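Below you will find the structure I want to go over with you.
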Amino acid sequence: MDNVKKALAEIVGEDHVSAEPEELYIYSYDLGTTEPHRPDYAVAPRTTEEVQGIVKLANKEKIPVVPLGGGLSLAGLAVPLRGGIALDLKRMDTIIEVNEKARYALVECGVSQAQMCSYLERYHPTLTHSEPGAPGPATIGGNVAIHGQGDLAQPYGFSSDMINGLEIVLPTGEVCRFGSCSISAGWFTLHPLPDLGLFLGWSGTTGIITKVSLRLFPCKRIRGTGQFVVEDEELVPEVMHKLTHTQMAEDIIAYSQAIPPFTSGLHHITINIGGDSEEELEFKQKLLWDDTLGEYIRRGDGGFLGFRRGLDRPVVAKTSDWRKGGGFEYVGAIMPVDTYPECYRRGREISERHDIPYTVLGRCIGMSHAMMFSWTYAFNRADPESIRQAREALHESDDLALELGGTLWKPGLYGQKLVMERMDSNTLELMKKVKQLLDPNGIMNPGNWEVA
Amino acid sequence: MDIVVCIKRIPDTADVVGIDASKKDIEKDSLAFKINDWDDYALEAAVQLKEKQGGSITAVTVGPKEWDDILRRALAMGADKAIRVDQDMVTADCYAVAKVLDALIRDLSYNLVLFGAQSEDFGCSQLGVMVAEMLGIPHAALAVSLQVADGRIHVSRELEAGMLESYTIELPALLTIQTGINRPRYISLGGIKRAMSKELQVMSLSDLGLSLDTLAPMVRLEKLELPPRGKEAELISGSPEETADQLARILQNSGIF
Amino acid sequence: MYELKFDENECLSCVTCDCLTRCQYMDIDKDTAKTEMSKIFNGEDSFVLHDCRTCYACEEYCKMGNHPFYLIVERQEEMDIPPRPRPLIKRSVGIGIPFRGEPEIKEVKEPVLSMGTFAPLTNDLIQGKLFQGVSLISTDPRTMFHFFCQLMYLHDARTSVIKERLPKTIETIARYNVKEVIFFHDECYGTFTSYAPAVGIEVPFKPIHFFEYLYNRLKELRDEIKPLNLKVAYQRPCSSRLSSDKLHLVDDIFNLIGVEHVKREYVGENALCCGGTILGQRKEGSRQLAADVQRRNIEDMINAGAELCVFNCPACWDTLAELVAQRGIRPIYMSDLCRLAIGEKPAGWR
Amino acid sequence: MALAEYKYKDILHRCFRCGYCKFPTNWIDVNNCPAYARFRMESYSCGGRLWLTRAWLNGEIDWTDHLAQIMYSCTACKNCEEKCPLRFNVDIVDMIRATKSEMVERGLIPSVVKEFLENIQRQGNPYGKARAKRGEWIGGTGIPQYEGQEFLYYVGCVGSYDTRAQETARTLGKVLIKAGLPFGVLGSEENCDGNEVNTLGEETLFEMLAEENIQKFRDLGVTKIVTLSPHSYNTMKNDYPRFDGSFEVRHYTQLLRDLITQGKLNFSGGLNARVTYHDPCFLGRWNGEYDTPRQILNSIPGIELIEMEKNKTGALCCGGGGGNFYTDFLAGSESSPARIRAREAYATGASILAVACPNCMTMLEDAVKAEGLEGELAVKDISEIVAEVCGLA
């Protein structure tokens, strides 16, 4: 095996490849409840050319390649199920270009969310990107690869709907470019060339994203979050529907959690809005709280908790420390908005059955077109029983999401199996052909989306 | 597997060397002291053997009270017992010290005796082999690797130009250990404190039936002095052929031949 | 159980009906006041029960020793006309439940200061000479709600919750068996001196107003005081309406430390609510009213030339401090202002 | 189980490894944990070290040289404590120190660390140079021995033995003489202050060094100490009181600032230069001292002080802490923290990189050479800048 390590070292340099037990231990773990699997090598490339070299070598030696950015998918998508090369892409963290006029940012896949926020705030204050609220080190590449959603999902959809162009290293080592960048220097649009969208939502099984051109959006001078609270979960869908009608909000999230106890059983709806002037801000506040939600307030069914200026980005990963356990994992599903009440009620049952304080959250995508609904389960990393309980609760939540007619977002192995069992056979067959076409040697993140 | 390890305390000159008034020793007042490097490797070898085979380790030295510190260190490293023969023999030769160690080790129960290959101060590298002869047990010097198996020990010795000579020797036997055989572990101050409770036995020459006058050295140290400073030095550089040619010319003109 | 002492004859014989005629949020003449108040004590519905902004002021306006506001809140609960939406009430009723653990009752020597539910502020505010020798109770955020006076439920038409939990709080404080207790917040002080007697709840210790303690302490340290000659406005909290006999201490302290209490319209009995509870009330236009009240209050301070805005209630602070700062007036707690006067540097003060 | 004795066994598992600890306060890059900046492998991040500690003490992985090197590449710069969002963040650096002491007590440490500690055990300095030579830096400067003067000027190992740092030690001595400060030095009687020994995990050796120093200071009647290095300042201010050695300890910048404001040190000239200042971790993040050095620089006419993008709580460590100025685990690449920091300093357009610590001095001066910036960016200690404008250079 050593000649592989030597070859890898020639590609990325001595310092950036390791087969030592320490690196293999760390890269075998997801932060959630997924069982760890040791890779054979941990490699940190700096350029697209180095990624190509690694992938070509992997083809020659028939070794799996498992790409990861922050490795924070909390679904085990970057756990090397069949060993091989853990490909840490975080060294590819150059912000190549920010085009103010066309409002896009061309970045290497390893640019972190926090770095993007900080860079735009400092150099392009009138622009912002859809920040997913994940911990800072989560990467732009990773987020689009799993169809993530951010705090602009309500007006503009999934992060993967905000792509102007992609540079991909195919499983056989060639570099492809998709969008205007494939025929000109500009990375301003993904459409309308023949659509070859085969690399998102595949959990890195069809290729490695090395560059992303991400759409940016206007950033208002004053941005803040208002909170509305209701007790009856049946109200949430209609409130979300009315709020999206105003087209004034940037992000609408409904969440409910057992801790702290005074919030238990209540549904907090946070609404992000922005304005360049106090007048614009007040105009939006009036439209949202008075004209749209006024009826609920007057009837006493819903309460306005106030508007706080400033957005807390990136969101602090405090959830992991609730039970002093250092860990949590959640199932994310894309559900119809009107399933919120059922998702909440059934989710609470699952949590109570596994003695885990319930935490659920629904983030509106588009004009109430859908929502990302998450069931979160904290666990104590030092207590295997609590990990087992969390894992069971996660699987029951996977089942629940599909039972209620939803689809699973970034599913782990268990979820992928459920989805493939329900998927119509022709689509499944096509997936298999695409995978074989792109990855003849089956080296790309094997074990994921494996059609029998 | 019972092992005896003989260790020595030497000054850590740290390139500050001066001759003392007696002209027979170096100025020691402001110096710090440490265990002889080779002996550290010997101790580590013993501890590793004990960790694999079990048994006991006795650390032994011949020297005045201040030498207890290297015995405490040996105990912290893993020795079970320490013995110091309370006699300052720094100016004595290897033969005299060997006589003392022979008398001491003869009464101990051992399968293996380990010495450092040489000492950093005088560097005679004779003491170990002398004691082996006196004890009448087989020995090997400059050991760079050792494995023990059913009563015998497989040893590789270091010769010039990286050549190795390997033996299988019946126990009991004596080995002198070369540096590089292992990586001696660090001994923390806390470790030394924790080992304070272990036994450190002090014996006198008379306990061994010896006295100073019966230990006449075969070699006597007459005078110690610093080498005179050279007047000038010339650095010859270039390829081997060129340097050889220049050297030849210098030697011819210097009138040595 | 714990009947509100209310004598309707006092009202009938009242000449001015100040309680409603001087209300800052409803325009009511004397006759309307008389009829509405009689409807209220007869248990009939009245627009006053719907439009009341729970600013406590009528407790102070009533010179007949009656309790118009406490009565209004009781009726609101009886007729289920809470000023705030039910989810907000459920949330604030839940906040008052101690989360985990029993308070650790230890031996304390007077003077004793209770931080109530503002334990997290202890480290920043309770520092320096002013508080040397003071024993503190309720400084642990996890158990502070055992010392909660519950009076905030007057904003939620939940006197039942107050009457249910207040006795337990009093019993917890009484277990320290000290004769006198200084209360950091006006609301605690108002509960034990005004509300508890009004509903017949016995208070076995003597409450001391925080400003009374500060004022006496400053007099002891008189020679260390250097006049600050700053222009200050005071944000009077709603609960201070229950202890109007102690309001003079504000100016006593200001004079002692050499600050000028600026002349402004909304001061003393005309003080404006910080808008914190109005914001979420059910009545139409509440959000804008809160914003308007806050704007008028702050502009009043600016026009009067205030450099600092002095707070004592952390809820007022959370609502107004940032807004005040944005308009160039620096927010400061009363105790920190006093520390400045004796040459100390409060936390975070540049 | 080894985990049972580990000091932080109850909170070690609470690290979620979310990775905040790699960022500076302003989030601008992911390079503020020096070890992670150098190797860019997850194992080298602070979260990686905590997980590996747990794995080792749990028996999931064995001790190896590589594991020890990962632990000892932590420079104890406290960036992780600044950025970790969880409540145990104040203990993180000590958690890693406790891992190192687990290794020390088992004798399983990298040989260069063994050398470092044994040299200090014998010669009182990590270089293993003779104790007798510790006063040689004084040379002919006339800096007096300590005989009860008001201030003890404590120099430290790097200032006493490292050639470049010796110049700084001498310069500071001359400045103090010029200011008429009654002070003296211990010269060859001075011993290691133990700060690095503590961060390397040799707890008993640290205790011995601290107790011996405290006893020596007490015998000599020392009450006020001014240190050349923030490392000595940190341990004497924060740790010595644990061994009831309470002295009035100041870093020399704090003393110079007072001397300047009291008019005891007036400048004969100015210095027209663009200067950027590097916050040493043991002055900044460990002790919250960010302003004093800047006040000194701003008080010198002609100096234009420009801040690097990462400064104060978000400063990038020079990579010399935790013994790394000697063990050099982070050396050997353009992504060595010192070289990243040198590039950052150069990018401000400054011609002088001002430092306030002998470790930073040696690390950053080597880095400037390695970056080929020798003629364009000069690394100067604040005492040297003050000396220059006082006509002492």
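The first chain written gets the first letter, and so on, giving A, B, C and D; residue counts start at 1 in each chain.
What we mean here is this: contacts are C-beta pairs under 8 Å (C-beta built on N, C-alpha and C of every residue); 3 or more make two chains touch, one makes a residue touch a chain.
Keep in mind the model is a prediction, meaning the values are calculated, not measured.
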Could you run down the chains that neighbour subunit A and subunit B together? D
Maximum inter-chain contact count - chain pair: A-D
Average the C-alpha coordinates of each chain, average all protein C-alpha coordinates together, and give the chain whose average is closest to the overall one. D
Roughly how many whole angstrom separate the Cα centroids of subunit C and subunit D? 51
Cα centre of subunit B to Cα centre of subunit C, whole Å, reads 84
If you average the CA atoms of subunit B and of subunit D, how far apart do the two points sit, in angstrom? 39
Residues of subunit D that touch two or more other chains: which are they? none
Which label fits the chain touch graph of this model best, line, ring, star, complete or other? line
Among all the chains shown, which pairs meet the touch rule set out at the top? A-C, A-D, B-D
Per the touch rule, the subunit A residues reaching subunit D in their complex are 15-16, 18, 20-23, 25-27, 29, 31, 42, 44, 70-72, 88, 90-91, 93, 112, 114-115, 117-119, 122, 135-137, 314, 316-318, 320-321, 324-327, 380-382
Residues of subunit B touching subunit D in the complex: 12-16, 30-34, 77, 183, 185-191, 193
Where on subunit D is subunit B touching in the complex? 104-109, 111, 113-114, 117-118, 121-123, 128-133, 202-205, 208
So in the complex, the part of subunit A that touches subunit C is made up of which residues? 229-231, 260-266, 282, 285-286, 289-290, 294, 296-306, 309
Contact residues on subunit D for subunit A in the complex? 11, 13-20, 22-23, 26-30, 39-43, 48, 51-52, 55, 60-62, 64, 66-67, 70, 85-87, 333
